[in-house]
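One chain, subunit A, links the two complexes that follow: it is found with subunit B in the first and with subunit C in the second.
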Partner chain A sequence: MKWDLLFQLLVNGLIVGMLYGVVAMCFVLIYKSTQVVNFAQGEFLVLGAWVCLALVTNMQLPFFLAFIFTLVFMAAFGIIVQTVILRPLIGEPIISVIMVTIGLSIFMQSLMNWIFGNDAKRFPDVFGTSDIVSIGGLNVEVAYLLSLVLSIIIMGVFFWFFRFTRHGLAMRATAFDQQIAQSLGISVKQTFAMAWAISAVVSGVAGIVIGIVNSVSNSLAFVGIKVFPAVILGGLDSIVGAVVGGIIIGVLENMAEYVDGQWLKIGNLYTIAPFYVLIIILMIKPYGLFGTKDIERI
Partner chain B sequence: MGHVPNPRPAGDFRTSYIDDNRLFKTHFEARAAIFIVLALIVAAPFVGTYWLTQLILIGIYAIGAIGLNILVGTTGQISLGHGAFFGFGAFASAWLATSFNVPTLVSMPAAALMTTAVGMIFGIPAARIKGLYLAIATLASQFILQDFFARADWFSGGVYGALADRPDIFGYVLDTDLKYFYLVLFWVVVSVFGVTNLLRSRDGRALVAVRDHYLSAEVMGVNLTKYRVLSFGISSFFAGLAGALFGHYLEYVSVEGFTILLSIQFLAMIIIGGLGSVYGSILGAAFILLLPQAMESITSVMALVFPAMESGKAYVKQMSIGAAIILFLIFEPEGLVHRWQQIRASWKLFPFSR
Partner chain C sequence: MKPNIAATGNGLATDTILSVNNIEVVFNEVILVLRGLNLKVARGKITALLGTNGAGKSTTLKAITNLLATEDGEVTRGTIQYEDEDVTEIGPEALVRKGVFLVMEGRGILQDMTVIENLRLGAYSRPGADIDAEIEQVFKYFPRLKERTGLAGYLSGGEQQMLAIGRALMAKPNLILMDEPSMGLSPLLVKEVFGIIRRLNKELGISILLVEQNANMALHVADDGYIMENGKIVLDGTAKELMENEDVKEFYLGGGGERRSFKDIKSYKRRKRWL
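And now, the complex of A and B:
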């Protein structure tokens, strides 16, 4: 046993898991309030990262300004996607809604490939992020610490928004029952648009963070697929579940890597392990750890 | 125009259940089907290599799409792993033919049966979950199978892929595209007949009942678990058959060929063609296969005016598929078949069709 390696992977898993948790939260937000499963979540994330990178490198904007512009852009993008593509599909069967987001995802993927190219590009070193600090004998990159802090801040803001603001309350009401919410004067259309906008913005932030930690490339969209094991584990309609599921999947991935590297030696186990877990959870506990059970009455 | 429920010619009344269950709903339909098949047989030698290749590929994808349509259109389940099952069929047939010297005539259906077994294993979650959760479970099966292809050297040749010889029928090798086309056409006809027949049988009606209202179906005595898993099996059977035909056509099966994108393309075929329609699956397969090529020629023409378009050819092809899915779902959610029915209805009901 290599305890230091194990511990290092555990910390890595925790940090990556927090990011998964953030993306999973965006996913759950859309599902909970608009009953749409967004297969394009990963592309949202990549879009945010690319836009920010393009603003920083091509337009020579300072990072802070580029960041703000990206957030504005992502909010507008989320609203446009919701109104143009998803609003006509309200009331359509679930397969249509799933397929439209899948169509959106392959459309965005190839469009971004075209515009931004296939190569991975690095962010200019804005925060001295490649420095390494030692915490308790562990070497951690500043970028990872930054992403950890940012994830916690995002989660805190989410909590605050849903708990203490009027719009958050409206959104929870809509998620609970659309008709009742509408009868109480909440604009369901606006709430839907807002859910997509928030989700796109937060995915964009996550994309920028991951872009700073690694580098920006279209393969980052795979995070959008990794989110599925996380949300199923946590329960599709639970925001707390999304965070917990994300962390568990992140840690599990790195543990699989450890087991694979130390004993099994089959290689590449960490990309596939979450999906085995996913199948097992679906068989024994389909509504996840925190999800609401779908009780049907005849 | 309001909804026109597939009008029949005047005087075509159905007075018995046997009438209502015929393989072809109208005489016209039967004649048209026979005519199209005969026309294809006669015309195949004269269409040129490009169109022959297209016809073969359309036929192969159509078989896969027909299979997926049973699962999605008829039973109301969702599968995001159809491309992986298609790939499994391709590898299984190549594996049987090269490792055990099974004649290709046998190895193709055998591969289809093996894929059926795999499909039913991955369909087991369908016994408990449905809708969205099922979609995600099949997404996992896509990645697990893809990982298996890359890992199982004994089965798929790992990263090197597998070689698959052109099939032979008792020593008569189908070495040209033309001969292969007839083989594909044969299997397409068999699949269309098989599925149309299935849909008018007791089992087919049970599948439709599961889709329309599964609680009522269960109350009526339809075994939900059995039919859900069975529909996965049937759809995988056709995926496996199509995959085997695909592998032996290209004579080489690559690990990279069966990604999630292929599964999405299969779903796009049945959505664009029309959910639950056998003929729609064929139309959809043709549409999805020809659309990127049409887009490529369009971009080539546009590149003369805007040179920047030249670099985007490959991307425009893929974007067109995504755009087609979105546009069809928004503007024509019932697919090409519905569009065709509307055109026919407006002819038949001419002065009153608007």
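And now, the complex of A and C:
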């Protein structure tokens, strides 16, 4: 057994898992408040990364300014997607909504391919992110630490938002029952738009972080696919479940890599392990760890 | 004094806060639920709207608050006026901001939130309000809610009803519409809840439209009353007049006048349908 490799992979898994958790939260936020399964979540993330990169490299903006502009852009983008594409679909069958988000995902992929090209591009090394620091005998890239800190901040803000702010409470009320929310004076349309805006912004942040850690390319949308096992594991409508599911999937991936590299030598267990989990979870606990069971009203 | 049997419902009180004029409500574009309904709520008074299951009482409240759209219903004719303003087409959230608040049937409590969170959402329409101080005010009317720190879903039925009314107070409304506050409560709790309703009306001057099946309780706290059947008002008057009306006694209050044999009652009912 190579203990230090195992430990290193465990830490990597934890950090990547936190990022999965953040993207899964965005997915759950949209599903919970608007009952839309957003298959374009991964593309949202890539779009955020590309826009920020373009602002930094093409427009020569300082990173923080570019970061802020990207957030504003993503918020506007989320609102536009909701109002233009999804609002007319309210009340339509779920399969139509799913087809539309799949269509949106393909459309965004091709559009980004066209505008930003097919090659992976690296962020300029803004704050020495590829430096390596040693913590307790572990070698960790600064970029990984950065992503860990950002993930924790985002999760904290989510928690605070839904627990203590007026709009956060309104969003939870809308998720619970739209008619009750309306009777309290909450505008459901506004809440839906806000859910998409927040989801797009946070996906954008995650995209930028992953872009800094790896590099920016259209294949980053894979995170959007990885999010499905995480979300199904945690429970489709649970924010906490999304975080826990994300971390589990991240760690599991890296453990699969260890097992594969040490003994099995299959070579791609890393990519498929999360989907085995997905299948097993669907068989034994279809509502996930934290999801609420659907109670049919009589 | 004979109550006004005409279905127009005019000539009740002088100062009206809400008037519903001849509205018709259709569900799914085919099912006619309300057929020309008229009613008025007097300012600072409690108005009871009574009727059996399926008479259209809840639909009336949802028509007033514009919540029908979520159930594929719409007002196809008539107008609704609040404070001399036509609010027939206004959105539900705008109406809450104007001071009309609906306490929904089955209480409409957000069960996965705490009592405090439910109360804070009551004040959603008034950003910048001093919410903590107002929550303390609400606890004065409902002291037992203060001890409940857990999720609202774990409250008893009576406590949930009190929370629903307390949440309505957080919106500082001029008019509260209540949909069956007595539903599923024990007789003692019903009495307590109705006592609170009367206190709110007297102490805070809130006008109340009270939809009820429990006609006896409702008429005891109300000032005016309407009785509806099949989507129409069939009888109106002051609460006192309605309580003394032979037909109301017979159909809604139970036992009225001398006892008759079962056969007599049946023929009496057939003869006296208000249609």
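Observations on the model:
Everything below uses one rule, namely that the second predicted complex is superposed on the first by the 296 of 298 C-alpha atoms of A that agree within 3 Å, B and C clash if a C-alpha of one lies under 4 Å from a C-alpha of the other, contacts with A are read in each partner's own complex, and residues count from 1 in each chain.
Basically, a contact is a pair of C-beta atoms (placed from the backbone, for glycine too) under 8 Å apart; a residue touches a chain by one contact, two chains touch by 3 or more.
Only a predicted model underlies this, so the values are computations on that prediction, with no experimental measurement involved.
The superposed arrangement places subunit B and subunit C next to each other on subunit A without a clash. In the superposed model, A:W3 lies in contact with neither subunit B nor subunit C. Which of subunit B and subunit C touches more residues of subunit A: that partner is B. After the chain A superposition, the centres of subunit B and subunit C are separated by 90° when viewed from the C-alpha centre of subunit A, nearest 10. Touch criterion not met for A:F64: it reaches neither subunit B nor subunit C.
Contacts of A:F176 after superposition on the shared chain: subunit C is touched, whereas subunit B is not. By the touch criterion defined above, A:W114 lies against subunit B but remains apart from subunit C after alignment on the C-alpha atoms of chain A. By the touch criterion defined above, A:W263 lies against neither subunit B nor subunit C after alignment on the C-alpha atoms of chain A.
Of the two partner chains, subunit C is the only one touched by A:L184; subunit B is not. Superposition on the common chain A brings subunit B within a closest Cα-Cα distance of 12 Å of subunit C.
Residues 37, 85, 88-89, 92, 94-96, 98-100, 102-111, 113-114, 225, 228-229, 232, 236, 266, 268, 271-272, 275-276, 278-279, 282-283, 286, 296, 298 of subunit A are the ones touching subunit B in the complex. Those residues of subunit C whose C-beta lies close enough to touch subunit A in the complex are 65, 67, 70-71, 91-93, 96-97, 101-102, 104, 108, 110-113, 117, 120-122, 124-125, 127, 167, 171.
Touching subunit C in their complex are the following residues of subunit A: 166, 169-170, 172-173, 176-180, 182-187.
Note for the complex: subunit B touches subunit A at residues 72, 78, 124-125, 128-129, 131-133, 135-137, 139-141, 143-144, 147, 150-151, 215, 261, 264, 267-268, 271, 275, 311-312, 315-319, 321-326, 329-330, 333.
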